[in-house]
Amino acid sequence: MTAALTHPITRFIARRLLYSLVVLAGVLVAVFALVHLVPGDPVRIALGTRYSPEAYSALRSASGLDRPIVEQFFGYLASAFTGDLGVSFRNGDPVTVTLLERLPATVSLGVVGIFIAMVIALPAGIFSALREGRISDAIVRITSQFGVSIPDFWLGILLIALFATTLGWLPTSGYRPLLEDPAGWLRHIVLPALTVGLVAAAIMTRYVRSAVLEVASMGYVRTARSKGLPPRVVTFRHTVRNALVPVLTITGIQLATILGGVIVVEVVFAWPGLGRLVYNAVAARDYPVIQGAVLLIATLFLVINLIVDVLYAVVDPRIRLA
Amino acid sequence: MSTLTGESTRVASWRLLLRNPVTVVSAAVLGVVVVVAVVANWITPFGVNDVDVPNALRAPSGEHWFGTDELGRDVFSRVLVAMQASMRVAVVSVAFAVVVGVMVGVIAGYRGGWVDTVFMRVVDVMFAFPVLLLALAVVAILGPGTTTTILAIGIVYTPIFARVARASTLSVRVEPYVQMSRAMGTGSLYILGRHIVPNIAGPLIVQTSLSLAFAILSEAALSFLGLGIQPPQPSLGRMIFDSQGFVTMAWWMAVFPGATIFVIVLAFNLVGDGLRDVLDPKQRTMIEARSQR
Amino acid sequence: MTKPAVLAAVGVVVAVVAALSGCSTGSRVDLGDDSSSNLVAAIAGEPDQLDPQKTSAYFSFEVLENVFDTLVQPDANLEMQPALAESWEVSPDQLAWTFHLRRGVTFHDGSPFTADDVVYSYRRIIDQKLANADKFSAVTGVTAPDQSTVRITLKQPTPNLLTNLGGFKGVAIVSRRNVESGQIATHPVGTGPFVFASQKSGDSITLKANSAYWAGAPKVSGVTFRFISEPSTALSALQAGEIDWTDSIPPQRVASLKSDDSLTLAATPSNDYWYLALNEARPPWNDVRVRQAIGYAIDRDAIVQATSYGTAVANQLAIPKGNPWYTPYDGYRHDIENAKRLLAEAGVAPKTLDMLVTTEYPETVTAAQIIADNLAPLGITVNIRTVDFATWLDEQNNGHFDMLMMGWLGNIDPDDFYYAQHHTDGSSNAQKFSNREVDRLLDAGRVETNRNARGDDYAKAATLIADEASYIYLYNPSVIQAWSKRLSGYEARRDGAVRFSTATLTAGGAT
């Protein structure tokens, strides 16, 4: 047991965890400051047009806005730990409940998007790496540059125009939960996930390619070849399998990036996820929701990055000691 | 540093760059884009906000190269001016990010110690936020508009420059001539200006090109969401948003603004790639080696 | 750690994520128990709140029309018919109305509907000075002599009392318990054909049929109102069979939809109207000549065309043609030279104009761009300020604007069209218009029981209002709704009220 505790991996994980917590604390402060830096009176905006002075002071003290700001911050922290992120200014729903309601939609979009990205990027990246320097490599590289340069909302709109409006094969918007209506879930998720996935594929192809190239130039591959193993065997067994782990970690990073970047895609497809929630909340100045959603997304981002770092270190001893 | 053939570094860089046809073409495209952006206001065939409702939704023609939108405005003119606005936002915001980010990164890398730790932790917190989310948050505080967009994008891209600058500074800091200068007691500012900054320029230039590409995409996304450049000022993102209701009736409203964004961003990315090939020592040696064969 | 362990760990993560994405929290009422007869309606925005006496958003009323009742309600011809009140009498001196209430009506929470509820509802509006208090401006007392009778006493004869009490659900009968528990804004309880079941913020509101409804249980099992702000999205959903009804239709598609056999399209002339208002509390807009200049500078036809694609009718007054109270008026025309002349006469040269519009109603954003172009030759730069609706309402009520564009929906009686907005004491007079003659005419119209004299009063008042440019009227839009061929028993109404109580869905539900 003690051996496990002092194992370099455990120490590394502990260090990374601590570091993540520090960053998370910073995120909490930033998110809190964000909302309280806002000009304009959130209580007035929440109450709308006609209200009485009593209603105003009631909401103000209920929201705790009449307490000193430091006290408000710790109050917020305390409730956040118990899962209470306040209530929406727009409709009074608890923020935590709303966030949890919207999470599945965004998560499924992210996961399917990543899946599509991997299905495209893995073969393309490997192919491109193995044919390095040749025309086919150049073609793949330029194509992936195309994917990176295209605005995702534009791509989404064009896909809708082609596959949904003109051809009528797929729905133009909306979401169905997987467990309730699997066929509907699939039909509705295709276009948005494609939009997300194609762009992510473009980014990942480059990473896959360079990961494979790096592995291919490593010593043991050359040794394997010199041992007389047929080239194809060498390729698959050593190159690809060894490149797979950094690729998996890149997948994790991409997933995190997608979670933050789905806002625009969710708006285009009227996707009821976290991204669209944040967008609507920003438009309506619904500060508790903005605060909660930003916190959740940033935390998810951090957690995924943490997992990725740990995975990476577990496999690559050199990183651990850094 | 000298190449195998002994020429000075700078000249060889240009020649290597020019060898890559993709980079050359992209740079040429960028050149055209910049020129157009600068003179946009003078070359628009129609007024940007000249409403002409009877001529709404006309297909591209000799008179309206990119067709007209739902209010009869000339899409070509609007694309030109919108391009100018996008470039302006991108350049100013990235300039902001470069100045602030490099300062933070160089100081952190050079000084080390707790200065480094504090600066980099703040940078890490900023990295904890996905790009668009952070930009949205800034806009939520300051309200939509061009200035806010510039500020938001600038803030969002500062961390990457800080990191790149710091990493480069760290590696340059241990170079012999820098160590010697410090030993001789030369002032820090002088060392920074004379030795460090010029030598970290390579990766920074590459990052600038790439960040410009992403800044244009970010501005387009913010404008698409209605949080960036406000109507009636044309913006590429907003034009795409407005085109949504008309995609099947007036494809030109969606296609031309989107294609414009695509071309500009692609050009920046390809030029950035080409620059990286040349300015990144590792890559460069391989290319030079290959070109000797 | 070995590779298999890594892969296993990844596998676990993937499984967890897949499980997460499969679940949805919250009750699954949006598909209904019997999904094939649940009506799915798409509206263009989300209600800001569900308290009928406080909200002013059309989206809220689209939903609340089906949840609440009023004492009387308009039929298809906008004549007032019995609803919660079965019959009524007016005293000979016109100052007291007695309503006999329907018996056996219950609220959705089971509590019985009585006269006390009517008294409570009306007193709430009057005493708390809620949004529609001016509908009760002539009311001196509301009492319940017994549990099925309500007596309303007035200080002057009020020919339009019935439309005031039932024109729209802003004066609906609410439950005291629902209000006092604070639930009404998010979980309303009414007496209407449908019961509020749940709301998924940003997505939908679900209602279930009220099997005990006094006019007969609805034939659909429930209604789900989905919020789809992009009209083309809503339309595609309708054409794909994903929804059964929508009023969120891109006006530019109406012409082509008329010949689409897969759905029923209704473009009904409505009693709504859109207008521009200049803030008379801010110079130079307090000078009538300046306001008239703006009236001459704008290109009304272009605005009508761009916002409605020919489905609306330009109108320089509020009441539409075809309405018995219609008054023709065409004092303004698109004439820039005249506009310049008026400005010169007034001796002012405004450089900027702050125009307040909202994303909630995209027609205001479209029109604003045309107006910006229209006013440029006058040397006026229009700053278009686009905000969300809550902020828009705030800014309007605080007078933070030079000009705004908005519409009033579903008016019935001429008093509805003019009083609140143009009387000096009107509750919706955000532009701070004040004209003694208009006040006199509007007050007279309120009590005039002679139909012709009344019509005269309003014709004169309207003409003055337009001459003085209190509002610069733009057009009367059509109510444009489309629904699937499976939906019957529904018709589009001129007052824009969306009533599903008699709707039926034939088999083959929307998913």
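Each chain carries a letter (A, B and C) given by its place in the written order, and its residues are counted from 1.
Methods note: contacts are C-beta pairs under 8 Å (C-beta built on N, C-alpha and C of every residue); 3 or more make two chains touch, one makes a residue touch a chain.
Everything quoted here is computed from the prediction, not taken from an experiment.
With every chain reduced to the mean of its CA atoms, the largest distance from chain A is reached by C. When the C-beta contacts at B-C and at A-C are tallied, the pair with the greater total is A-C.
Once CA atoms are averaged chain by chain and compared with the all-protein CA average, the nearest chain turns out to be A.
With centres defined as mean CA coordinates, chain B is found 23 Å away from chain A.
Rounded to a whole number, the gap between the C-alpha centres of chain B and chain C is 46 angstrom. Taking the mean of the C-alpha atoms as each chain's centre, chain A and chain C sit 40 Å apart.
The set of chain A residues touching two or more other chains comprises 165, 283, 285. Those residues of chain B in touch with two or more other chains are numbered 226, 244, 247. Chain C has residues 230, 232, 359 in contact with two or more other chains.
If you check the complex, the residues on chain B that touch chain C are 49-51, 53-54, 56-57, 70-71, 226, 230-232, 244-247, 249.
Those residues of chain C lying in contact with chain A across their complex are 1, 3, 6, 9-10, 13-14, 17-18, 20-26, 28, 31, 48-49, 54, 56, 128-131, 185-186, 199-203, 228-230, 232-233, 236-237, 240, 242, 359, 388, 390-391, 393-394, 397, 511.
Chain contact summary for the complex, chain A toward chain B: residues 22-24, 26-27, 30, 34, 37-39, 133, 142, 145-146, 148-154, 157-158, 160-161, 165-166, 256-257, 259-261, 263-264, 267, 278-279, 282-283, 285, 290, 294, 297-298, 301-302. Interface of chain A with chain C (complex): residues 9, 44-45, 48-50, 52, 88, 90-93, 97-98, 100-105, 107-108, 111, 164-165, 168, 171-174, 176-181, 184, 241, 245, 248, 270, 272, 276-277, 280, 283-285, 307, 311, 314-315. Across the complex, chain B meets chain A through its residues 22, 121-122, 124-125, 128-133, 136-137, 139-141, 143, 213, 217, 220-221, 224-227, 237, 240, 243-244, 247-248, 251, 254-255, 258, 261-262, 265-266, 269-270, 273, 290.
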